[in-house]
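Structures are listed in the sections that come next.
In the two complexes that follow, chain A is the common piece, with chain B as its partner first and chain C second.
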Partner chain A sequence: MNRRALLILPAALILLLLVAAPYLNIVVISARPTSPDGAYGGGFTTANYVAVLTDAYYWRQIGTTLWLGLLTTAGALLLGFPVAWNLARTPGRSQALRQAIVLSPLLVGIVVRSYGWTIILGNNGILNRLARATGITHSILPLMYNRLGIVVALIHVFLPFMIMPILGGLQNMDPALEQAGRSLGAAPGTVFRRIVLPLAMPGIQSGCVMVFVLSISAYVTPVLLGGMRVKTMPMTVVNTLIDSFRWPLGAAESLILSFLGGLAVMVFLRLTPMRWNR
Partner chain B sequence: MTNVVIEALTKRFGAAAAIDAFSLSIAEGEFVSLLGPSGCGKSTTLRLIAGFEKADAGQILFDGQDVAHLAPEKRNIGMVFQSYALFPHMTVAQNLAFGLEMRKESRTAIGERVAKALAMVRLDAEADRYPRALSGGQQQRVALARALVIEPRILLLDEPLANLDAKLRDEMREFIVDLQRRVGITTIYVTHDQAEAMTMSDRIVVMFKGKVAQYGAPRDIYERPKGLEVATFIGQANFLKATVTPQEGRLMAQTVLGARDLLNESGHAPGAETSVLVRPEALTLVDPGEPGVVPGVIESAHYSGNFTEYRLRLPGGEMVSIQVGGPARQARGDAVGLRLAPEPLWSIELAA
Partner chain C sequence: MTAQRLNSALSWVIYAFLLAPILVVIIASFNAGAFLTFPPQGLSFRWYWTFLHNAVFMRAFATSIEIATLATVISGVVGTMAALFAAQARPAIANGVRIAMLAPMLLPEVLTAIGLLFYFYALGIGLHHGVALLAGHVLLTLPFIYINVSTALKGFDWSWQLAARSLGAGPWTTFFRITLPLIKSGVISGCLFSFIVSFDAFSTSFLLKDIGTATLPLQLFDYLRLNFTPEAAAVSSFTVFATLVVMVVTERAFGLKIARF
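Then we have the complex of A and B:
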């Protein structure tokens, strides 16, 4: 074995031990029958998959989950791109500072950040009180316990994962490219559309994939902001595993969500190809 | 074809002036180089002309028309960048077509003009390749073709050869000059390499610290540099003490190597002390025994392949450098003879 291969050995072992093995285990469990005496029984069955795939209740939830993921991704992109752009254009030291500010929310746990949003968006929260105090409305604005609240909080929680890869891409871009575009007769908007945006695509892709995958598997934020009134797949998986203690069914549920999420990512990557980048 | 006039252009970054009361006039079809050390403001000048920077004072005129209010995309300029700045997500042909698309040319016209431009830079075969698949020299030519295919009024080049290796650089130098002559476009070429400026330009602007030190033909710059800074920046320079002596109604410069006509007579009174510029190639190394030669002693010899550079001590202690073709035949301490070419001399005041 050569030395370079040796270098990746520790990481490979950890991945194998902590990711591949549990994942395989889940796959196996998802094909086991439910057992009253333990986590699962002996033998194999497709019953768990059939149960999920033939139940409209599940499909609605999968739809909600993927839809919220899509909205979160789109929102994070719309908010994150300008920030990345601004950062890429900030010189040296102040860029490092601003970058630190962008990343700083990651230092606070997801629970705290999501809880923070309930304080802002709640029926008796800051925004609602403000709206009443200023007479904008006298009824309660439905900012939480619905999809809106979940998406707002998810966008905030995962925004750094959108900004960082886009920033990386923009930083790698030769500033002379934009000047070349201008000198060739393109107005700033055209330069952005024809040059900056296509070149930022690899970063946009990674950012979108990351935020999408993170938000369809998010648990804490949807629970806190949705107040169980909006149901997403991760909540159901947790229910099945912990409350009903039906491991095989829970495993099948989570694998189906993973599979459909992966499929969505593939479609997205297929729709945004970059031939020049290979 | 466009003439360019720059009047008292000033650009400040904070308190420091990157360009300071810079004036210049470029004729139609002329090839002018901006030559100066790194940081003297060459790129800033180019960016001002292209419209990427706003001047704090002064004017830029294309054919007598002030362009201050024109955005870069409205100036109809072709620009070649040091990094080439080829669009990596477009093929060679798409890179060339970009400027024509911005001009709303028809598809067929674009196709024809792109093909013609590619033929001009001998890259027909690479039309559908992406820039990263090309060599440095090829990328360079794509950049040139992309700038020229839009038939701009002015061509601006910012150190376009700096990233090429020496052999390719010489080739591209010739290629660019040849292309410029054929197209006949007014060209401003930025470089810190004096050999490039010398061989390529009709006229050279020597710049120091944002100011024009001298503007003239390569020969003028080399043979009649205005001041010590220009003389030493361009080529090798020896300075000899000289006494101004009148002879037959003219002024001569009397040096340790003999008396020669003084080129710049004005400003010199007979009997005044000055110094004159002696380029290494005006000096010949000869046998010390020959009649009429000045004796010298070799202080050092540096072999550079096609020539050897000697440092010589002259009677009276002055030092000169001289380049002799071929390997070193003299060694430190050798006594040699020195002869100065009969050409007139150019005086330069050393204590500015």
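Then we have the complex of A and C:
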């Protein structure tokens, strides 16, 4: 055997044995019957899939999860694009500092970040106290234990994953292109739509896909910010697996969510093609 | 110009949004009172003191350090080897290796953890001895090593290696005396990132922990569901400071170039 191939051997083994095999195993287990004296029984059945797909309770949760993912992605794009733009236009040292700010949330654990948001958004949190102290309201503003709180915290948690790919695209763009557009008489809006946006599109696409996938599989943030009052699929999956110990059902739940999430990503990629270039 | 200004102002609002929850946690951790209130009732280190004398948190902290170290060492070796392979391979193969190595980062963390949970039970190992937990953390960290080392290998001059080999150095000597020093910054930043990612990981640890073991994020999460004292803020801030210290020290000692994407 080629000696150089030995370099890839350990990584290949890890990926085969710890990624490929377990993923296939999830598919197998999702088709196993539930068993009273173990995690799952022998034989195969479609009962788990039928149980999930025919239950309105699940569909409502899947709807909530995908909707929250969509809102988070849209919010992250809305906040992320201006920042990426600002970063791309900032020279040298000053850019390094701003980039450090953008990446800083990634260096802090997800539990800590979600906790920070509970301090800000809680019923007795900073914003609510501020609102009462300034007389804006006398009742409690419902900022947390609902979808709003979850989406705000999710946007914060995943914003760097939106900014970095967009920044990558914008940095590769030659500023002369914009100047050329302007000097040929195009309005700023036209330059943005016809030159900047098409060039930034691949970055926007990968940012959106990453944020969407991460947010529909998020667990900690919805639990801490939603206070169990908003139910998302990852929570149900964890409950099914850990609390009720029904592995086949949990496997089917998670595969159905992944499949629908993947479908949403495909639709998104189809709807945002490169025809901006026309 | 005004559009540019407006965008700059908007960006600073968003930078503030990014920093807000972290700053809030740090401020809350110095609260002298028994409850989380804003503004804090006086400054004190009282909750840090409580945390440092809390055996449960300290044990969790030690567990986190142990797992992060083990995972980083394994991923560091395996990921660096794979990056060296890809850098010398034909473009089509290199591209395949890249996609495969990044896969654990792109697949949903919860799903990967569920897969490992089932798999290790099927193997008869279950969650005992932390094998499954370590496997999960290796998968979490491997992509970060690979990205950083690969970036360092861009534009790597392979003639150095050839020169060393033709002068009679063995493959190991060549690696440790020539290749490694040249890609050192990539390996170190990869390991640093990998350590932090593992230290902060939640879902993987949550699903794969052995009974009785808990990492710091798990312990903190558990605590937060029932308690609202500033001790949680002290624990959180402690991890933030520890991360900062590690980063600054590494930066000073080796010079960092972090490639995250």
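What we mean here is this: the second predicted complex is superposed on the first by the 261 of 278 C-alpha atoms of A that agree within 3 Å, B and C clash if a C-alpha of one lies under 4 Å from a C-alpha of the other, contacts with A are read in each partner's own complex, and residues count from 1 in each chain.
Note that a contact is a pair of C-beta atoms (placed from the backbone, for glycine too) under 8 Å apart; a residue touches a chain by one contact, two chains touch by 3 or more.
Because the structure is a prediction, the values reported are computed rather than measured.
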Fit-or-clash call for chain B and chain C when the two complexes are aligned on chain A
fit
Just to be sure I read the superposition right, which of the two partners does A:185 touch: chain B = first, chain C = second, or both, or neither?
first
Under the stated touch criterion, which partner chain does A:177 make contact with: chain B (first), chain C (second), both, or neither?
first
How many degrees, to the nearest 10, separate the directions from chain A's C-alpha centre towards those of chain B and chain C?
80
First (chain B), second (chain C), both or neither touched by A:105:
second
Is A:11 touching the first partner chain B, the second partner chain C, both, or neither of them?
second
Given the touch rule stated above, what does A:116 touch, chain B (first), chain C (second), both, or neither?
second
Which chain makes contact with more of the residues of chain A, chain B or else chain C?
C
Upon superposition of the two complexes, what minimum C-alpha distance (Å) separates chain B from chain C?
11
For chain A, which residues lie in the overlap of the chain B contacts and the chain C contacts?
none
In their complex, what parts of chain A are in touch with chain B?
174, 176-177, 179-187, 190, 194-195, 198-199, 274, 276-277
Interface with chain A, chain C side, in the complex: residues 3-4, 7-8, 10-11, 14-15, 17-22, 24-25, 28, 36-38, 77-79, 81-82, 84-86, 88, 97, 100-101, 103-104, 106-112, 114-119, 121-122, 135, 138-139, 142, 171, 196, 199-200, 202-203, 206-207, 217, 220-221, 224, 232-233, 236, 239-240, 243-244, 247, 258, 260-261
Tell me, which parts of chain A touch chain C in their complex?
3-5, 7-8, 10-12, 14-15, 18-19, 21-23, 25-26, 29, 39, 79, 82-83, 85-87, 89, 98, 101-113, 115-120, 124-126, 129, 153, 156, 159, 164-165, 168, 188, 210, 213-214, 216-217, 219-220, 224, 234, 237-238, 241-242, 247, 250-251, 254, 258
Spell out the part of chain B that touches chain A in their complex, as residue ranges.
47, 50-52, 71-73, 75-79, 81-83, 85-90, 98-99, 102-103, 130, 132, 146-147, 150, 156
